[in-house]
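Across the two complexes that follow, chain A remains constant while its partner is chain B and subsequently chain C.
Right, the complex of A and B next:
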């Protein structure tokens, strides 16, 4: 059943269109950078964008940082919100459930498909960013090696690769909370648009509250609170504090929301 | 499901409410323990929150941010002359590495490494806001009569003993300082500074993580990375030059009832007055700095402007610009009341006050 769902997801043209659009923005940024030769100063603009003229391979991370605040969550919310509600709207949900597989297995299959989509999307954005960076951008001479950490220490090429892989994995994990919100809302409604918008509303609210000092008591529980912590992999020594909290927080959101989605979906009257 | 959510949501509150065990340490013993704790090695993560909106110019935004913002700091401490404090922001950091010969400050946002040599005067920097460093500094001149014990509190999983400092100077704008001190090592774990007439702390700094093992020396060492801009700090020199050149007039031995402190290497035109947490600094200012400061001060809604000058209070911290015509401006700042500030300004030489 999982294989069926995966095949269904990745045979859809719109899945690939989503991923293509997601890659368009970093490519546009790279082209503009090359044409104008105007890199932002460190600490300004998207994270790591300033460093790509020193080490073009870092554009993989800059691309992730560019899509992380808005584009990536939208894509994940669209796919997750579509998971169950899409079948309901298309009128195919009752036929799916007519098979002797059971609702729990269908939900698990949908969940795995969404998770695979998240992982593949993050990897493609990073890979395209890497290719675009290394082919379009020529490193400026005289700026030293590209392995300078945020803390000002030197990182070897191997350390840099390890940390970049960890950061990519962390970004993927950060998206799991969005996927869980989308999937949960998807079991509540027959409208995929409604489910996607619900998940996005949660994210916008979370991002807004995070900027508000008055909301600092609830800030540690906001789903977007630790998203930017992938930067912490590039401090020296690595600052694990926010990374571990971010992973635990996503774990709690995924656990609770999937539990709620399961409880709701297995007892739901399927009318479409 | 609802029960699980309730349990998960209440865990932080339950852990926070775990009782702390108090010890029968007297206030004087606790102060001695704090002052002896400067050599205690540790590493950790601290957060300081300031509620002070200092109206200052562009040149001093780093100092203003220090007191008005939330500052998160990673720290590795092997000793007072061997430590590293990183101010961590979402997309960058500023690290100060200190050794016996001076400091290296690495600013990722600017790609700049700044060499700082020991100076007799220094502007407040993030490392000064660590609960340990701030607590040791605030208690260094406290008398036993100013100290009293509070209960105990759990901070970073350790029993912290409360110590309250109530400054005795009438001129002080600080009502009290509450310190929460680790019973085993004497390290201050949290410091809260309250201004007069305020319920909330004007400055609240505490550790969020603390590890009492000695950090590695290579974590603290710093070499400017290749490609970085390297410069030498000059901020303190500007102030000292101004004291030498612009206004070589010596300041009196006492201002607003606060005695003058002896500072080695500081020209007589610059003065620091007071004791403990009640301090008043007076320095002549280059005219180009004074113009910007005056604009910033007068735009503040709380500013008091009269014949004595423009002054403003941000919580317990006060700032005043005195600008007698044709003579060049003075800036006065410190932790005194606005009345004491006006009194001090009137006593400055050349201003028609008591000489």
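Right, the complex of A and C next:
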């Protein structure tokens, strides 16, 4: 069943188009950087972007930081929102369930497919970022090779690779909450667009509340609260506090929303 | 004869609307069961309940001897279904669509999959369709592909909702032949339709649904059994009335209904009286007459409540 869902997802031209679009923005940023030679000062602009002239390989992480606030969640919301509602709209949901695919099994398979999509997308963005960074950007000798950690100390190449992998994993986990929202809304409606918009509305609301001082009591529970904590992997030593909180928070969201999605989907009349 | 589909007091309520209102279906092995009803009479809701898509408000359903929807995982692999028109993934080929559908549930071995797909595509007349995506198919081809999906695992029971939708006349007769052939080899067919002609030509038993209630469930042969009267076509109906003194029950233009179930005897009397007869037959009610008598007005009509 999971294999079937993966085949469906990755044989769809739209899936690859989404990933391609997702990579377009970091590539554009890289080209502009090279053409204008204007890197943001440390502490300004997207994270890591100031460091890419020291170590072009860091553009992999800069690319993630560029797509993380908006592009990546949109892509995940589109795929997750489409998961069940898309089948309902196409009418294939009734055939799947009469086959019978089993409602719980279908939901689990959809979830796994979305997770695989998230992971593959994040990896591709990082990989393309790495390639683009190392081919387009030439390091400036004057800046030295130090300062690759956010704290200012030097990280060895091996440390850097390990931490980059951890960061990629963390970004993928951060997207789980979006996926869970999308999947939950997807079981509520027969319109994939509605489900996607619902998930995005939650994210926009969360980002907005995060900037509002009056909302500070609920800030630690907002789904987007710890998204950018992947930067903490590049502090020396790694600052685990926000990272673990972020993972726990995503875990709670995923658990609750999937429970709700399951409860709704398994007792729902399929009239599409 | 064992029951293939049996429901007891099946009810589905949407708010205050009783879409299906206590029906007791009885479909037996070997039947071609015609499930008739106007649009909105509850046919589709009933079909969806049989397949576990819609959960009944109350009442019991047994399909192939097991309780639905609880036994769905065991029962549904032995049922082939076409529900309210076909649905496929438009960017994939028909073959790929069938393979995905077959792989998404139990009871379809991957070893035999390609062979089974080739067989059913041949059966529904799509053998040479090749690799083009389903979005390039015509409506009739999609309908055939949907039927192929229903036949993929040689089901014991076929539940078909409007299977000839979108087919041209040749296609309709082809599909009819296919269904009759499958029925001869032991498949029970449950055919939901509002096309009386289709049901009349195909079905051995009929159930008529009206406003969520099963108003009629009977053998086709019995429904259209001779009424014991003879229909006479003649250019001179008045002379028939005088010749057959008292046996004429009604006259409608050149069509005269005569009591008595022996056309030969009626003919002898009329010819003896020198009356020309242009047509002579036993009177049989058409399915249309039976259904209209059993069911009320169309449920599409919304009368003003004044």
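Just so we're on the same page, the second predicted complex is superposed on the first by the 270 of 272 C-alpha atoms of A that agree within 3 Å, B and C clash if a C-alpha of one lies under 4 Å from a C-alpha of the other, contacts with A are read in each partner's own complex, and residues count from 1 in each chain.
One rule holds for everything that comes next: contacts are C-beta pairs under 8 Å (C-beta built on N, C-alpha and C of every residue); 3 or more make two chains touch, one makes a residue touch a chain.
Because the structure is a prediction, the values reported are computed rather than measured.
> Once the shared chain is lined up, is A:8 touching chain B (first), chain C (second), both, or neither of them?
Only chain C is touched by A:8; chain B is not.
> Where does A:98 make contact in the superposed view: on chain B (first), on chain C (second), on both, or on neither?
second
> Taking the superposition on A as described, I'd like to know which of chain B and chain C A:90 touches: first, second, both or neither.
second
> Would you check which partner chain A:263 touches, where first means chain B only, second means chain C only, and both and neither mean what they say?
In the superposition, A:263 touches chain B alone.
> So which positions on chain A get touched by both chain B and chain C?
Chain A residues touching both partners: none found.
> Can you name the residues of chain B that touch chain A in the complex?
Going by the criterion above, the answer is residues 1, 4-5, 8, 45, 70, 74, 86, 88-93, 95, 106, 108-111, 113, 208-209, 219, 222, 224-228.
> Would you mind writing out the residues of chain A in touch with chain C in their complex?
Within the complex, chain A contacts chain C at residues 1, 3-4, 7-8, 11-13, 90-92, 94-102, 106, 267, 269-271.
> Mind listing the chain C positions that touch chain A in their complex?
Per the touch definition, chain C meets chain A at residues 48, 51-55, 72-73, 76-77, 79, 81, 83-92, 96, 100-101, 103-106, 149.
> For the complex, give me every residue of chain A touching chain B.
Residues 41-44, 47, 54, 142-145, 148, 150-154, 213, 216, 228, 231, 235, 237, 239, 241, 252, 256, 259-260, 263.
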